[in-house]
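Below are two complexes that have chain A in common, paired first with chain B and then with chain C.
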Partner chain A sequence: MQFTIEDRGTYTEVVANGRLNMVSAPTLRSTVDEAVGAGSRHIVVNLASTDFMDSSGLGALIGCLKVARQAGGDLRIACAQKQVQMVLELTNMNRVLAPYATVEEAFARD
Partner chain B sequence: MTDRDSQRRFEAEAVPAAINDLHDELDRFWSDLDDVPFEDQMAFTTAVIEAASNVVEHGVPLDRGGVRLGVELSASATRLQARVLEINAAAHPDPLTPATGDPEELESGRGLFLINALVTTVTVERQGNTNVWVLSKESAPRR
Partner chain C sequence: MTVSPPERRALVIEDDPDIRMLLTSLLKREGFLVTEAGTVREGVEAARRGVDIITLDLNLPDGDGLDACSQIRPISDAYILMITARGSEIDRLQGLDTGADDYIVKPFSPRELVARINSLFRRQNRQLAASTAATEADTNERQRAAQVQQSLLPRHGVELPDYDIAGEFRPSRAVGGDFFDWYPTPEGMHFTVADAMGKGMGAALVAATVRAVLRSTAEEPDLARAFTSAAASLDADLERASSFVTLLHGRLTASDGAVDLIDAGHGLALHVSPDGSWRRLASGGVPLGTVPGWDWEVMSVTLAPGDALAIISDGLLDIYDTLDEFAAAAAGVVAASASSADACGKLLILAEDPRVEDDVTAVVVRRSTGAGA
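Coming up: the complex of A and B.
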């Protein structure tokens, strides 16, 4: 899995490409930690190319959410595919990490 | 009547990299089967990866040889089954008890919950030096 970071002005986009599982979850954590450490407060994780997420990946997203909130910001997710939506819904984590249809919409109303 | 009759076996050292290799094996398993609904593939793959990740994360070796992860996948006319083997591992006292706590705060412990939600039956039994997880999912052929 690969992560890329893009500065979008009012938010930082983290693009997650591949499988978000126990192998890649620590890299997501460190990627978001670095972005927040560098001053990013509003993070959008773009899941358009994330074709799989398990509970380790979900745990990493929740950890990243905590990091962003502790820094006074927030983390949101966008473009979740069917399998990712299934995991979010079964665990009720869609209440905490509500997926936005597009990256642009995630912080559009703040 | 469907002609489903597919079997695959995977075995590797129980380390994180094995999870990606297992996922590739699952992709090949589905490529052998053209009548399993996508939703069933998605649910079963997620459950198998969760069980295998549990072996990698929590398996305690019986000796210096380390824990090995084995997975046997099979499909019959109406059922998908995975036997996830935790080889050369200590027995788990209560393997199917999920984590407790505020679900919105937990960063781990959702794996067992997901497995139970995604398959029809799940059992764990001890066979010799191996813990055997058996995951079964009813799956009617796609029309």
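Coming up: the complex of A and C.
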């Protein structure tokens, strides 16, 4: 799993590639912690290339969401694939982390 | 004190039969007990059974070695030697967080391979000498933790006339984050099925805490109030542990089959009729430890004579594409089983699939057909 960060002006895009699990979850946490530490307030995690997420992966997203909100910002997710959507639906976390269809839409109305 | 070397186990994951045979014979000559696998799927399954070293081909028929590596790493601490056909790949691979310990390029000389493996084990032996005592203590502790965790599970079903109650739990490691619990009450019983984030010791500790806190609320007659107070006292602990717990907690009134349930992001409770038709019980509550102050809704269902309530952890879901497919398969198993214990056993057999990486738990409560007659 690899993460890349892109500054998109009004928000920061974190692209997650591969499997978001116990192995890669800490890297996502530190990537978002760094971005928030560097001043990013609006974070979009692009999950277009995340083909699998387990409970540790979801835990990392929840942790990242808390970090962003504590800093007065927000974290949103975009382009969730089928398996990721199922995990969000099953745990009802889609009520808190609703996936947006595209990265651009995530903060478009703010 | 001398430490006698334990038998060393190797796993060769390689689809080319010639190279596989070569690797196997080389490793056997070095004194390894060798298991062979030709696909990612077989490889992950074999790794789960425990090995010390894995040679992993980068190109396999059902996936690439990187994927295999990321599946193996969470379940095994084996030394992973990645084998690639392209020398140019090595630089790229070393830059990635693949979980592999070393890389070697095909065609490799047998001597080079043996030298790599021996240098690895020399390194390990030095560490071993220093840490054998620590490792033994660690292993003992893990075994103790597994015993403690098993002892926390209810040993028998609750003795309730007209109800058949059973549960089964299979952790993916020595200990896991899943647990189930039940205890009798004057009206019937309370029960819980939960899954703490992650695997291993950390998850097991969180699970044990949740079990204790929920039990402490048993005397509170109002389910919503009991649950809210348990959640509030767990929030800070879960926050500190960077963890969360999905769970389903319910109360059964034996006389009329009424069940009040709270779903905290568990999502896999099925109300199964004797003909196999089913309804998934979901109320939209989030897991414990995710949103402080969440207001969980209480769902009410009634078990008619012959009806069952089946609660299954998400481990089994790894096999199915959709929730409905999963629910239909599980409901079919429950309806066709002679007893609740039989149903749990069969649900766990469904989970004996290499795609299931997580802990798996099943609890079934069935009201007997003659009840209320």
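Simple rule for what comes next: the second predicted complex is superposed on the first by the 110 of 110 C-alpha atoms of A that agree within 3 Å, B and C clash if a C-alpha of one lies under 4 Å from a C-alpha of the other, contacts with A are read in each partner's own complex, and residues count from 1 in each chain.
The rule is short, and it goes like this: contacts are C-beta pairs under 8 Å (C-beta built on N, C-alpha and C of every residue); 3 or more make two chains touch, one makes a residue touch a chain.
Bear in mind the structure is a predicted one, so any value in this text is a computation, not a measurement.
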| item | value |
| --- | --- |
| Superposed partners chain B and chain C on chain A - clash or fit | clash |
| Contacts of A:85 with chain B and chain C, given as first, second, both or neither | neither |
| Chain B versus chain C as contact partner of A:2, first or second or both or neither | second |
| First (chain B), second (chain C), both or neither touched by A:55 | both |
| First, second, both or neither for A:63, with chain B first and chain C second | both |
| Which superposed partner A:22 touches (first chain B, second chain C, both, neither) | both |
| From 1-9, 109-117, 271-279 or 343-351, the chain C stretch with C-alpha clashes against chain B | 343-351 |
| Chain C-contacting residues of chain A that also contact chain B | 19, 21-23, 54-56, 58-59, 62-63, 82, 86-87, 90-93, 95-96 |
| Parts of chain A lying in touch with chain B, wherever the complex brings them together | 19, 21-23, 52, 54-56, 58-60, 62-63, 82-83, 86-87, 90-93, 95-96 |
| Sites on chain C touched by chain A in the complex | 67, 70-71, 73-74, 96-97, 99, 177, 195, 197-199, 242-244, 246, 263, 265-268, 282, 284-287, 290-291, 314, 317, 321-323, 357-358 |
| Residues of chain A that touch chain C when the two form their complex | 1-2, 18-19, 21-24, 27, 54-56, 58-59, 62-63, 82, 86-87, 89-93, 95-96 |
| Partner chain A, residues of chain B touching it in the complex | 16-17, 19-20, 23, 38, 42-43, 45-46, 49-50, 53, 56-57, 103-104, 106-111, 113-114, 117-118 |
